[in-house]
Structure formats: C-alpha cells, structure tokens
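Heads up, there are several structures right after this.
Common to both upcoming complexes is subunit A, partnered first by subunit B, then by subunit C.
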Partner chain A sequence: MARIQLENVKKAFGKVQALDGITIDVKDKEFFVLFGPAGAGKTTILNCIAGIMMPEEGLVKFDGEIMNLTDSAHRNVAMVFENYALYPQMTVYDNMASALRSKLYKTDEAEIRERIQWAAKIMKMEKLLERLPSQLSNGQKQRVAMGRALVRNPSVFLMDEPLAHLDAKLRNSMRTELKEMQANLGSTCIYVTHDFMEAMALGDRIAIIKEGRIVQIGTGDEIYYMPCNEFTAQLMGDPEINLIDAEISGTEEAYTAKFSLNGEMVACSLPQDSGVYAKIKELGLKRVDIGIRPQHIKYSFEPQDGYFKTTVYSYESIGNKSVIVTDCGDKNHSQLRMIAPNGLRVAIDNDIYIHLEMDHAIFFGSETKDYIVRYDEANYIALAAAQEDE
Partner chain B sequence: MAGLTLNHIYKRYDNSGKKKKVKNDFAVKDLNLVCEQGEFIALLGPSGCGKTTTLRMIAGLEEITDGEIYIGERLVNNLHPKDRNIGLAFEDYAMYPPLNVYGNVAFNLRAKGVDKSEIDRRVREIAPLMQIDDLLEKMPVKLSGGQKQRVNIARAIIREPELLLMDEPLSHLDGKARQAMRTEIKRLINKIKCTTVYVTHDQLEAMSLADKIAIINFGVLQQFGTPTEVYDDPVNEFVASFIGEPPMNILETTIIKKEGTFFFTFSNSNLEIAVPQRYYSVISDGFRCKMGVRPMDVLIGGPDSQGTPEKIATFENLGDERRIGIHVGDILMMLITEDEKRYKRGDIIKLEVRGEKTHLFDITTGDRIREKK
Partner chain C sequence: MKNKKQRSLNVLMNILLILYAVFALFPLIWMLLISFKSDTEVFTTTFLFHPTLANYQEVLLRSDYVRYIRDSVIVAGGAVLVSIIVGVPAAYALARYNFPRKEELAFQILSYKFAPEILVVLPLFMIYQKLGLYDSYFGLIWVYQLISLPLLIWVVRGYFEDISVEIEYAAQVDGYSWYQIFFKMLVPLIKPGLVSSALLAFIFAWNCFTFPLILSSNKVYPVTVAIMKYLGTDSAHYGQLAVASTVSALPAMIFALCIQKHLVRGLSFGAVKG
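Presenting the complex of A and B:
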C-alpha cells in the first residue's frame, strides 16, 4: 500500500546511460506497466525501486519518503521474476512460507498458514500446496512465485516479465487470470513487459520506455488512439499500424494526400471535418506519415469508388482472421497490412482493390515522426478524460 | 504426383539402457501422410509430440523402426541423407563464421564441385528472392537474427532440393522479425513451388503458412487437413483446443429437454444454450458430454436480447479487440468483441451463444460427436 515516485532517476553502466532521467508517479493501488523493447531500461527501473541498484542521481520515494538509502530488505517490496526461483527441495507451502519464516519477519506458524491459504485461494492453487516444484507445470510454478510474493503483504509488487517464459497460449490464459486476481491484490503493482497485449489488458496506466527515457505515459486507450510518436504507435497493435509516407497538396478547399502504391502514385482526399484539415492547414504541412491500423483498410476484388488497385503480396491466416499484405512498391519496400476473414480465395500476385478509412487515420510528422493530429481527436481526448475520472 | 509419402511410420527409441521404463515407448506411432508435389505441410504439436523426430526420419538423420518413406517415387529408407536430395533449415543457423554470406550460401555447391560460374548464377538468382542481395559480402557476425535465417534458408534452397525441411526456423526471432519472415517464407515457397515440410509448435505459424496441417500428439497423428478444416471441423477436443487463440471454450454439459427443445446446461450456472437441431438424433434428455464454442461465436446481446444475464469476471482491452471472461461454473468462458464499449468487472451483459457453431465432444475420449448424416 504505497505511492511510488521516481524523480529524475539516472543510472549508468559504464558508458551506457541505462536510465536517463526517469520520472514517474505511481498512485496507491495502481497497476502500472512499464512497456518497451528489450534493453530499454525497464528492469533497471524495477531494480532501483527494489533497492537492488542505487541510482546515481534522482530520488526514489515511497509515500513521499525518500528511500534511496534504505536497504532493500527494509523497503517491503516483493519481486516476481521471469524465472520463478523456487527452492526445489521445498514443497509449495514451504516455498511460500520461506520469507515469512526468515529472521526479518519471524511470523508465527498459525498466521503463516492463514496467509498462505488466503494467497492460495486468490492464485487458485489450493490443491498444489503439498507438491514439490518439480511436480508443477511452468504456469503453476509462476503462480507459486506470485503467491509467495502475495503472502508478504508488501507495499508494492514488482513483477518483471512474469509471463514471458510461458508459451503463447499459456501466457494469454495466465494474463486473463492475473487480470481476475488484480481486483483482489489490493496493492500497488509495477509490472514490466514487452508484450503489448499484457500492457493493454493489465495496466491502469502504461509508461512506454525507450533507451532509458519515458516516451509516453497514459491509459491503454490514450496510447492506442493517440500515440505520441510512430515508435509508440508501432508498439501497440498486431499486425502493427501501417505508416504511409504521403505528400500533401491542395487548395484552400481541399487537401489530398499522394502516396506510392504498387509503384504508382495515388491520391486520396483528407477528411475536412474533425480537426485534421484545420491542423494541417495551420502547420502548413507538405509531407506527413499517415498511420492506419490494419483493421481500417478495406479491400475488394472488384473496382470500386474510392478504392485503389494493387496486388496481393501475401495472404496469411492468423487464427480467427487473416492478413492480406500488399506492396507499396516504393524505395523502402514498405508494405500495407489489412485484416480480412479466413478462407478467401486470394492468390499471391492477384489484383486487389483497397480503401483507406481516413476517419481512423493518425497523422505523424514526416521528419520528426511525432504525433500531429488524428481524426476526431476531441472525442478521444474526452474518452481519456472520462477514464481518468474513474 | 506425391512429393512425399509416409507409410505406417513407427519410431521407438531404445530405452534398454535406462533404469526407468518409459510408458509411451513409441515416439512416432503408425504415421501416414501423403504430401502432394509442391505442397507446404506443417507438422504441428506440443513439445515432445514427435514432430521433430518425424522430420529427422524424413531427412535420414534418424533411423526408422518400421514403415516406408518415399520422396517422389523413390523409397529412401536406406538412402544416406546426402543422397535424398533435401534442403534443411533449422532453428539454429549454424553458419560458417569465417565465410561471408556469399561463401555460406555457395558452400554446398562448392562442396559438390559445381562449376564456379554456375554457382555465381544461382547465388545471384536466389539472393534477391531472400532479400539478401545487399548482404552477400557481410560476415555472419554482422547479421541480425532475421538476416541469418534468410541466409540459412537461401542455403537450403540453392541446392534446388526435391524436398525442403524446416524445423522451427522462426522460433528464435522476436515478434516483428517473425511476422516479416513469415510473409517472406510464404511468398518464397509460393514462388519456388518446392514440396516443404515445416515443423512448429506455434499454431499461428502453421495456420498462416501451410496448405495442410498435420496435428500430432503423443506421436499419433490427430488430424490432417487444410487450416480451415482443422479450425472449423476439428476431429477431437485436442485439436479443437490446440488450434485457435484464445482457445475454444470447452465445457462439460448436461443436456436437458424442456417442451420438446434440448438445452445445454452447466453445473453452478444459469446459462442455457439451445442445442442445434442437427444433433437431436444423437442426444437424449440427461445426455452428458462436452460442448465447445469459439470465443468469437459468443456474443453480447443488445437490450432486447433473450440471452442469459451474466456478470463479467474479466475485461481486457487489447486495443484491436476486447476480451471478456464470464464464469460458467469453474470455467472462465471467453468471448471476443470489436465493440468499442468499455466494460468493467462486475457489469452484467446478456450472453448469446451461437448454438449452430457449437461442437460436441465425448466426455471421456474427447472425440467429436457428430450428427448422423
């Protein structure tokens, strides 16, 4: 039960600046996700909070109190790692009791039993208590590791990619279970992941980390609908967002975006309403990157109004739906991906007609790669504000 | 013409040296597969199911206990791996570090004593296909994982093999590189039309790449069919739950009859789902079995819906879609929606299950119970 703050935390390993001024403010009982690619510094942030590492600069505060010089053991944090680190010779029960029996906590056995039973119930592992770790599946082992953290009733849970080890199926079902347990945790939790589905599903708020810096902090919806730059936009969503390098031209009345498709230049008019037009006019932009998510490109096998002709580069089923890939034919070999149902009679290199739904487009600077505007921006700002209130 | 035929293949590892008796001593049991010329086949199953063993037997790296393997029309049981005319690409790239990319790709042809100008012609032909034309002068240490795997595959196909064998070639790559590489493999195979056997434990990879999927469990072939067939028409509970993510919801059910209509009912739940008429000939009042339904065939009813009101246990907003979990007895039943509405845990929704999309499975064997034709 604690509010965790980092203020301008810096940490270097030799010449590498692992953390370059991290400032976050995690509210009490918040589930806060640190999300980013490998090597971004996510785990280093956790280690600074846990007291395993000392930041060279900046403050670590728990409930407003500066913890920089407090020993790790006295910070009352519980960590869960990717590898479960269970004692192989001890039963699940003893593994869970191990911290409480240590010199530091010296809890009496009756209370230990009570706490373990409570944690086992939340983690749905009441039937596993007498087993040895070798008799558990990987998913069960991770559950024990989490249960062991739970019984300590810590100020904050620090979870470092607890599901990364598991295969895709188990990871998804464990994520759903974790979501279910979340309501019963009643503690602040800081969770590190490189899986966007985990970040979106679990996080009350998400901090996007890149090269030791924070790129964006916000709710899942804020980051998904209004990513602050192309890097963030590409992290959220699978298959990732399409980015189209387009040239803007036009008169006072109408703007068109021209871009390369299948080696030819095509033009598509920009929506006039909802602020897009106004923003582009205001900034006098000549070039933008248009971001369109794969579900917002429509296709047809017949020529239609507002559809551009191109060819199928690939057609892949991804389970309950498929992805059609087309080639832009520009110098960067860029491709467009769109969602389609399974079982279409689509052959590679066949013609296909596509339509970009501009009323879902997000616009980025052609040079800066930063967010400029999206269609219906006001609506999404309102959605974000509503979530903030909750 | 068949590109590859497996005829009653068995594999038993010799465990006589081990103290512990292994119960399931056949690693592969009575495996029959016919792969047409130019077809792309995926061998799919959990780890330890025998899929890699099968691939190694086809390659000749593993002896066959019983059965026959034909590549094209040739019986290859007793042929040395090098005489089977196969190309191999494994998860590990195993490149020669002192040779540059060109040297690595050309290595097998050089070893065979192919003419220098012919080697050059073939390398230049394959390089653009695998998009490694700019890398030919580079050393392996300078390459990313995705690039290494491209070189690795180029090396396998440059020999113009009759059969291409790949063992989890993408499992080393991270998400983005994997997605891009999947597209490239799909295009490549489509272009060179080489019969390919591809081993994977990732159902998504199998679904996206293969013309046909062979699903194997405990060394036994469960089902062999196109991605659509195994997805829409699974032969048993194992296939149904292995294919698809999130997996099919599978729940134990007791069928009851009310006023001439049969319903699926579930212990500790109010949920009732009408049984499709086509099953009426195989069920009866009180019939116990398992019911399976995919998460996209579970829907949220509108305000006038006749669906059962249920409390939301989990709500996951994944950006592109949203997943909702509902407790039906002890099981968390998942549904997927692209609806923009944001729900909370504890909200009540009306649950509608598309009865016509349900499958029945035998409660003990897990085999599909089919309507009588």
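Presenting the complex of A and C:
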C-alpha cells in the first residue's frame, strides 16, 4: 500500500493537452475518486500512474519515491480497464491468475486458487471460472476484470469505471461491497467515474477534473455544499443545481435579490446571515449567480405569499421521487428543476407556484462563475474539516 | 409442401455443386490418369488404357526428382520462415505505432505484389549476377519475399489491429515484460491469421515459376522448373511430366486440405472489421 503523488503532471497527445499540470496527493489507504465529464483526462491520469503512459512533465511518486522511469510491470499496481482488457484466449480463471503467475509476482498455485475463489465469491461469479471471455456478458466481463485486480496485493488499485456496465441492482450492491472491501484490505484506491452517486458514495475525497486540470479536491460533502465554481456545482448533484442570474440591491440591514421570471422582475429578500451579508458588503456585489439545489425549491398549485407563478415544462418520475421542470422564460435561467414526491397529478403547461429557499443559496460571481459565499458557510467548513480528520 | 420444395431445391443445389466439382477437378483427374499411361496411350481420350507404374519408376527412382523437391522445400520453406521472422514484427509495428509515412510504407509493401514477375525479373537477373546471388538458395529465398512477405504482413497486421491495446497494458500491469507479452498474449491471438497466411505464402512460393526459371540454374533446381526437363527437345514424355506435376502438387494440396477450415476463416477474420 502506498501514498501516490502526482506533481504538475503534463501529457499531450499531438496538439491536445490531455493533462495540464495535474497535482494530487493520495494518502495511504485512501479511496480517491477522479470525477469529471467524458474526455476530461481521468483515464490518462490512471495510465500515468500505472506507467502505461509517460508524462512529458511532472513527477509520479509512490511513497515519495519517483516512479517516472519505472515500467508498469515493476510498479506493482492493479488496474481495472474500462473496456475490461481480458485475455481472450484464457479462461476466466487463467485471466485472474495471470498476474500471480508472472515471474515478478510469482505465487504458488494453491494460494492462487484460494485467492481466486475468494475474489470470485465477492464478485458473485464462482460459476464463470471455466468460461472464456467471449462467453460472458459485459457485466460479467467487468466483474472478471475487477476480480483480476482484487486477487493481487498491489501498492494501489486503479479502477477505470469498474461498475459502469453492471445492471443497476448489482451496481448498487457492488458499490457497498467495494467500499467495505477497500477498508478491509487497507489499500489505496484511485477510482475513475462519471457517476455522481458513485463519486459521493465511495470517495474519501473527490477530485473534479475538467479539460486536463483539477478544478477542486475535497470530500464529497465539501464539494457538494461548497463547489468552487458553477461547473463543479452543476456536476455534483442530480438533478442539476439551478443557477439564477440575479441583481442584489438594498442596504446592509436587508438585501434583496431581483431576477426576471417570465419577463417580469421579481424580488426575493435575502435572509440575514452574517457571512453572506459581510461578503456582499465587502465585495460590493451587484450581480451574482444564485445557485439553489432542486430540493430547496418549494412548489404549490395555489397562489401563496412569496411564491412566483411559472408553468410546468415537464414532470418525470425518477424512482422514489420526481423531478418537476418549470419554464421561466428567461434566457439565463430558462428552466428551474425541483424535487417532488411521486404520484402528483401534474399536467404540462399548468400553472405552478414556486418558492426559492434563499437560506440555502450558494453565490457565484456572474462574470467569473466562481464560488463567492453561501449561507451557513461556517457550518459547512467545520463539517469539511471534521471529515478531513477522519 | 414447403418441405418438398426445400428438398427439390437441395437436390438441384447438389447437382450444380457436383457439376462444378467435376469441372474444377477434371484437369487434376486427367493429369492423374496420364501419369499411369504409357507413352503410346497418352492421347487416347477414352478412359480405357493399360495402367502402368513405369512413369513413376522413371521419375522417382531414375531421375533427380527428389533433389528438385528438396530444393523446392528449402527455398519455399526458407522464404516463409524469413517472412514470418521479418513480417510479424513489421505487422506489429504497422498496427501499433504511429510514424511518418506509415500508410505509404504499408502500401509500398503491398505494391510488391502488383508488378508482373516477368517485368522485374530481368533487372533482378543482372543484379543477382553481379552480387553473386544467382543460382543460390539465399538468392531465391530473398526474391520470394516479394511474394510471401506482403501477404503475411497484411493479414497479420489486421489481426494485431483487432487486439485492443489495453490487453497489452493489462499484461504490463500484471508484471510481464514486452517479450513475454508478445509470446504469451499476442502470438496465440494472431495464430489463425499467421498460420493461414504462412501456408498460403508457402503455396505461392512453391508454385513460383518465373523467378527460379531465370534466377537459378544448376545448383538450385525447384520442382516447378525441373518439370520442364521432362519435355525433351525432340520428344515429350507426357506420362513422366504428369507424374512430376502430380507429385509436386501434393504438398500444397495436403496442406490446404488439412487446414481448409481455418484457411478461409483465418484470412477473412482480420479483414472484416466490426
């Protein structure tokens, strides 16, 4: 097990800068998640750690030792590839045994058998061991690929979307399993995903990657509650956060946010909060983007005080809850998403009255799109600090 | 009703196939028949004759035929061996690495097969004379690369391209060195293509006539050229000629029959990309 550090790693493919100065420090025994949209460079980071690719600049360190010139065979890493990369000519058993049979990591056959049985049991594939990869479904192949990594005892597990092709039920149970397994094995694990739920559930810390750069590193809650910019805020959370382009007016006793809704300017008073008010005063904020999570918009089908009239754009059930999207006719925030219980009778184009719970708002700069302040900030900072210590 | 229709269709199909088989195999059968005929009966067109083994005795026991066969085996086998040793790494490089003018190089290799042999053989003759390669095993093996190498490289390259590069990465991570990966992981995967293209290359090299005719004479005498010896200046011993051809066709036929199932699949698999 090892501490993995990357220092200012750069890697280009032709003219495309895939990694542009990546610096991360993964602690020993940490479950570290790389999270970002497709093409952000997540897989390239794993490849650089595994030694499959050579960074053009920067250092790769295992336990403080520079590994740039060590080939991947000698780095003792176990990797799960996104496209499985199983050896087609070998049975599942031989696939899983391959690392333990190599000259470098030679293990005696009895122990190999034991470890494979153990991994097969966890991955629920004891019956598949004699099959060839061509006889497996994609989900099964993915489990074999996981199993092939698990039988080893590496410095670090590198997992590239290892659950992406499993069916939903298995994915959920694997997620739990994986987290527990990692804790038991006491292994360092770097995990790539583009699924927000996986990132939140698994990661001790999460690094948000965008276009080859690290946008933010922190615990799941830290990033969720204090995203460093709008990109991160939109990435973390499903349905996506609502961003409202608003003007701030008023005095330091009471500020009001004004924004347009269906062509009208509406005003919403900002509740008292020492942090928020201080920041507004300090920076002299006039225009901001207000971020409100979907669960912090309340709705009603009757007109009420403090509720604004909009129309329903869509209503879709996503399992144990539903998402209502309303139409607000403004070019910057044309739609607002909110969470509602299932089984509502909502017709499209009906009127719906919404209320924004401003005391959960997150403020972003309207030009920079960067985080400025949020309600209850001190509380969340304390939470993040507590999580870091664990 | 439907069954009846299907059965009659089957019968018709089989009749057509038998007709085609007779058409395709007739020259071979005719050659086989001639090999058992005495010189006087060669031109009888009925199938009635007095079979004799005299021709076989004459060719196999009383001439240098075995030596010719041996020369052919050395030259064709050597050519295929060299092609495999050179071609497999070349195919790997063409499939995996990016380098300037890669496609042009691949096309250049393929283009060796474009020119008719007769077109290049005369300049080659002059060069071979000067270099002292004329009439040597090495010289023929070398020139046979024009025939066997492009075939092998293009088929095997397709196979390498079908292997996802992550498999090599996975093996690296599993602790294997490059050579171990190549022989343990990659060679088993390209084997069907390698075997079938090597076999085809062997048959082509075995059947080659123009190159050995011009580029060799007494020391190296492949069987294709040697057959001409049985065409005398004043008399043609068709019976002996037929024996010589029949025996020389045997290795190719035996090989092809043994692996015919793999031959078609092996050659088409790499070419069809999903």
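One rule holds for everything that comes next: the second predicted complex is superposed on the first by the 347 of 390 C-alpha atoms of A that agree within 3 Å, B and C clash if a C-alpha of one lies under 4 Å from a C-alpha of the other, contacts with A are read in each partner's own complex, and residues count from 1 in each chain.
In this text, a contact is a pair of C-beta atoms (placed from the backbone, for glycine too) under 8 Å apart; a residue touches a chain by one contact, two chains touch by 3 or more.
Computed from a predicted structure; not experimentally measured.
Student: For the overlay on subunit A, clash or fit between subunit B and subunit C?
Tutor: After superposition on subunit A, subunit B vs subunit C: fit, no clash.
Student: Regarding the shared-chain residue A:70, is it in contact with subunit B (first), subunit C (second), both, or neither?
Tutor: So A:70 meets neither subunit B nor subunit C here.
Student: Let me test your reading of the model: by the given contact rule, A:334 touches which partner, first (subunit B), second (subunit C), both or neither?
Tutor: neither
Student: Return first, second, both or neither, reflecting whether A:313 touches subunit B, subunit C, both chains, or no partner chain.
Tutor: So A:313 only meets subunit B here.
Student: Is the number of subunit A residues in contact higher for subunit B or for subunit C?
Tutor: Between subunit B and subunit C, B touches the greater number of residues in subunit A.
Student: Rounded to a multiple of 10, tell me what angle the C-alpha centres of subunit B and subunit C make at the one for subunit A, in degrees.
Tutor: Approximately 80 degrees at the subunit A centre.
Student: Could you tell me if A:229 is touching subunit B, subunit C, both of them or neither one (first, second, both, neither)?
Tutor: A:229: touches no partner chain.
Student: Given the touch rule stated above, what does A:168 touch, subunit B (first), subunit C (second), both, or neither?
Tutor: In the superposition, A:168 contacts subunit B only.
Student: Could you tell me if A:117 is touching subunit B, subunit C, both of them or neither one (first, second, both, neither)?
Tutor: After superposing on A, A:117 lies clear of both subunit B and subunit C.
Student: In the superposed arrangement, does A:23 touch subunit B (first), subunit C (second), both or neither?
Tutor: The answer is neither, since A:23 touches no partner chain.
Student: Quick one: classify A:220 as touching subunit B (first), subunit C (second), both or neither.
Tutor: first
Student: Smallest separation in Å between any Cα of subunit B and any Cα of subunit C in the superposed model?
Tutor: In the combined three-chain model, subunit B comes within 11 Å of subunit C at the C-alpha level.
Student: Residue numbers of subunit B touching subunit A in their complex, please.
Tutor: 131, 174-176, 179, 182-183, 186-187, 190, 201-204, 207-209, 227-228, 231, 244-247, 294-296, 313-320, 323, 325, 332, 334, 336, 338, 342, 345
Student: Which positions of subunit C touch subunit A when the two form their complex?
Tutor: Touch residues, subunit C against subunit A: 164, 166-167, 169-177, 180, 185, 188-189.
Student: Which of the residues in subunit A end up touching subunit B in this complex?
Tutor: Touch list, subunit A to subunit B: 38, 167-169, 172-173, 175-177, 179-180, 183, 196-197, 200-201, 220-221, 224, 236-240, 293, 295, 313-320, 322-323, 325, 333, 335, 342-343, 348, 387.
Student: Mind listing the subunit A positions that touch subunit C in their complex?
Tutor: Per the touch definition, subunit A meets subunit C at residues 47, 50-52, 71-79, 81, 83-89, 98-99, 102-105, 148.
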